[in-house]
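A short worksheet on the structure shown next.
In order of appearance the chains are A, B, C and D, and numbering begins at 1 in each one.
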Amino acid sequence: MPPRPIPAAAPDAAADTIIRLGRRMDALGWVPATAGNISVALGDGRVAVTRSGLHKGLLSRDGVMVVDAEGRAEDPSLRPSAETLLHCGIYRRFPGTGAVLHGHSVANTVLSRAAGDALRLRGYELLKVFPGLPTHEGAVELPVFSNDQDMPRLQRAVEARWDGSAAVAPGYLLRGHGAYVWAADADAALARLEALEFMLACELAARAPGAVA
Amino acid sequence: MPPRPIPAAAPDAAADTIIRLGRRMDALGWVPATAGNISVALGDGRVAVTRSGLHKGLLSRDGVMVVDAEGRAEDPSLRPSAETLLHCGIYRRFPGTGAVLHGHSVANTVLSRAAGDALRLRGYELLKVFPGLPTHEGAVELPVFSNDQDMPRLQRAVEARWDGSAAVAPGYLLRGHGAYVWAADADAALARLEALEFMLACELAARAPGAVA
Amino acid sequence: MPPRPIPAAAPDAAADTIIRLGRRMDALGWVPATAGNISVALGDGRVAVTRSGLHKGLLSRDGVMVVDAEGRAEDPSLRPSAETLLHCGIYRRFPGTGAVLHGHSVANTVLSRAAGDALRLRGYELLKVFPGLPTHEGAVELPVFSNDQDMPRLQRAVEARWDGSAAVAPGYLLRGHGAYVWAADADAALARLEALEFMLACELAARAPGAVA
Amino acid sequence: MPPRPIPAAAPDAAADTIIRLGRRMDALGWVPATAGNISVALGDGRVAVTRSGLHKGLLSRDGVMVVDAEGRAEDPSLRPSAETLLHCGIYRRFPGTGAVLHGHSVANTVLSRAAGDALRLRGYELLKVFPGLPTHEGAVELPVFSNDQDMPRLQRAVEARWDGSAAVAPGYLLRGHGAYVWAADADAALARLEALEFMLACELAARAPGAVA
């Protein structure tokens, strides 16, 4: 496994990045209530991640904490977001990942509830933000997983799908429980989330009425 | 009835909380015109509540007044929101309630107009913000009441439904007249309202065309 | 005709009110491009009104001008909004009117294009912001007129409808060309516009698919 | 070809205009991820244009660069937006053009994916912002082109359509890849884009369900 190219970042800088992304995701309607979570790799195996139970659009620095590569809190008095294990699973599998975003949109919720085990996106110029797709003529197969409160079991289901796929998209959906995307840094991850949500909003607007009941 | 655990709050602090919630609800489109109202328990049986006829997104401190547990104004020259009796009914029934929010969204208006006497929400991760539902596999039965300008009569209908229910959701809808939610404090109530409105927006987007005509 | 109860307002104060309303209407998406216009009665028969061809969400004071009761510019080098004659027709017919708002929303555009000569709104709590309707059980019959670039002719059609109506709603729609509302002052007019647009958004969301093609 | 009437503008002023337009387009949801691009003519044949790969709602001055009339970068270390050749084709063909805007909206994406080789807009008051259409009774035939990553080939297709048209609308759509509009200056181009997107949003809301599947 090659060394991670992520520069070491001070937790305060990582927290500020997370605060900024949270505000943006809130302005776009993707972190209602206490939903969603955000993490940034610190470059030394540790990860800065949002704490559980807070509104992600209204974070301050003490809404961000540090966990190790297995998701264990450095400060055991703090509780990370419930899905931290999913973030850690992404960092482990894809070295070079600098940030992971998870948000709930109306589009990703409605479409994932109606979908089978994948959503196929094709013909959008914005597919270019996904790697390995130089043109809009490609398609992205976005995995959709059934929601599960047992995070280790859910993470095993995710890894089994990755193991069985020739090309892995840098994102997936949980049914009724939002989207995950990741990229080399926070701004690239935000761009991927914006592109994905835009395409899902188009799919929702264009779908045959009655297809989702 | 146990003593209320709400800390005593100065009316100015309660007013500032109400102003903040009103701006947030306005940014989300839930207090059009002079619709909606917001209250915060003062911890001594009194309640700070928005005055009648004002835009809830553009409040200043003098847009908030104090009523007693029966909804009577401390300053008889001021008129509280018409639905103050509904707020008081919630505080009386559910000790420990710290804030009550009422908003009109397109989703809660359209769905409540088309609904029978309840809306059932299931399979959403965001159901976790409702108490007694540890997982997304539960369902919330949200009562829907016919609108009524006679507030004592409407409150009696609400209480009759509560009396007849094994589990009471911390919220309900009035047909064509918005949603009510409550929680132990203002931020928790806002999180519940955001979660509820998100799920209703999903229900509206996913419903079979023609179901609402 | 009774004297108008509108207090005399300095044009600067009227301009600032118009600028504030324009920003609000823009934030709500109702003044795309150079669409929409806003006027405030000055209390002496004159009217402050937006100039033609400007973006109503980005106004400065020199985007507002003064016309007389017939819509003639005080400063003949300035051109008022094309529909100023419609504003003046409202002030003439309904003494006590302090402000007139005209905006284009997706809902009012789509629904007016599909409508006959009126839209009927009933069962919304927000109908209470329209005068003479103490409860939500009433209904408002909102006139819809075919669009016309000949303003005097269009104004005659509006007046003919008013003449033939027992109860006149303080608003109407032009087909494919937005909504007009008015009230005793600017904030009340804004509340009426927000209420109207909210109900139209609900009608659009709830309408039977295929009804508008 | 007559001399261009565009006044010479300092690149900084042009960059600031582009930054302002980018923020506005972002607030309206039309530049998700790194989509969209913006250019302003400098009056001497050169064009200020957004650099490739940046978020157009979050630009600073160094996100704007200068190209010549053929789209060649003045500073060869910088890469302009991929579609710069399309911008240059517009400036070449329509002397007097001062700004070109390209954005992705849900409406223009969904409708262009479902359309044939044109979209027809009629009966909207906002058609008045398109030249040569004094009244709302006219119609605009908006060309729709199949998306193509080969920009010279795509530009040839655009020019062939212009050559074959009696009246050329100041805008077109790329299938699944957004809208282009242009005008004599940046504010006029923004007004055209806002008018176009408003009408497309209406078309999307009004279309027969099932027409886009």
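Operating definition for what follows: a contact is a pair of C-beta atoms (placed from the backbone, for glycine too) under 8 Å apart; a residue touches a chain by one contact, two chains touch by 3 or more.
All values reported here derive from a predicted model rather than from experimental measurement.
Asks: Identify the chains adjacent to both chain B and chain D in the sense defined at the top.
Replies: Touches both chain B and chain D: A, C.
Asks: Common contacts of chain A and chain D?
Replies: none
Asks: Using CA atoms for the superposition, what rotation angle relates chain B to chain C, in steps of 5 degrees?
Replies: When the C-alpha atoms are superposed, chain B turns by 90 degrees onto chain C.
Asks: Taking each chain's centre as the mean of its CA atoms, which one is farthest from the centre of chain D?
Replies: Between chain D and every other chain, the largest centroid distance is to B.
Asks: For the copies chain A and chain B, give the interface type as same if over half of its residue numbers appear on both sides, and as different if under half do.
Replies: Here the answer is different, because the shared fraction of interface numbers falls below one half.
Asks: Could you please state the distance in Å, as a whole number, between where the Cα atoms of chain C are centred and where those of chain D are centred?
Replies: Computed from C-alpha means, the inter-chain centre distance equals 32 Å.
Asks: In whole angstrom, how far does the Cα centroid of chain A sit from the Cα centroid of chain C?
Replies: Using C-alpha averages as centres, the distance is 45 Å.
Asks: Which parts of chain A, given as residue numbers and ranges, touch two or more other chains?
Replies: 209
Asks: Using the definition of touching given at the top, classify the network of chains in this structure as line, ring, star, complete or other.
Replies: ring
Asks: Return all touching chain pairs.
Replies: Every touching chain pair, ordered by label, is A-B, A-D, B-C, C-D.
Asks: Across the complex, what residues on chain C touch chain D?
Replies: Going through chain C, the ones touching chain D are 32-35, 55, 104, 106-107, 109-110, 113-114, 147, 149, 174-178, 204, 209-210, 212-213.
Asks: Of all residues in chain B, which touch chain A in the complex?
Replies: Residues 123-126, 129, 134-136, 187, 190-192, 194-195, 197-198, 201-202, 205-209 of chain B touch chain A in their complex.
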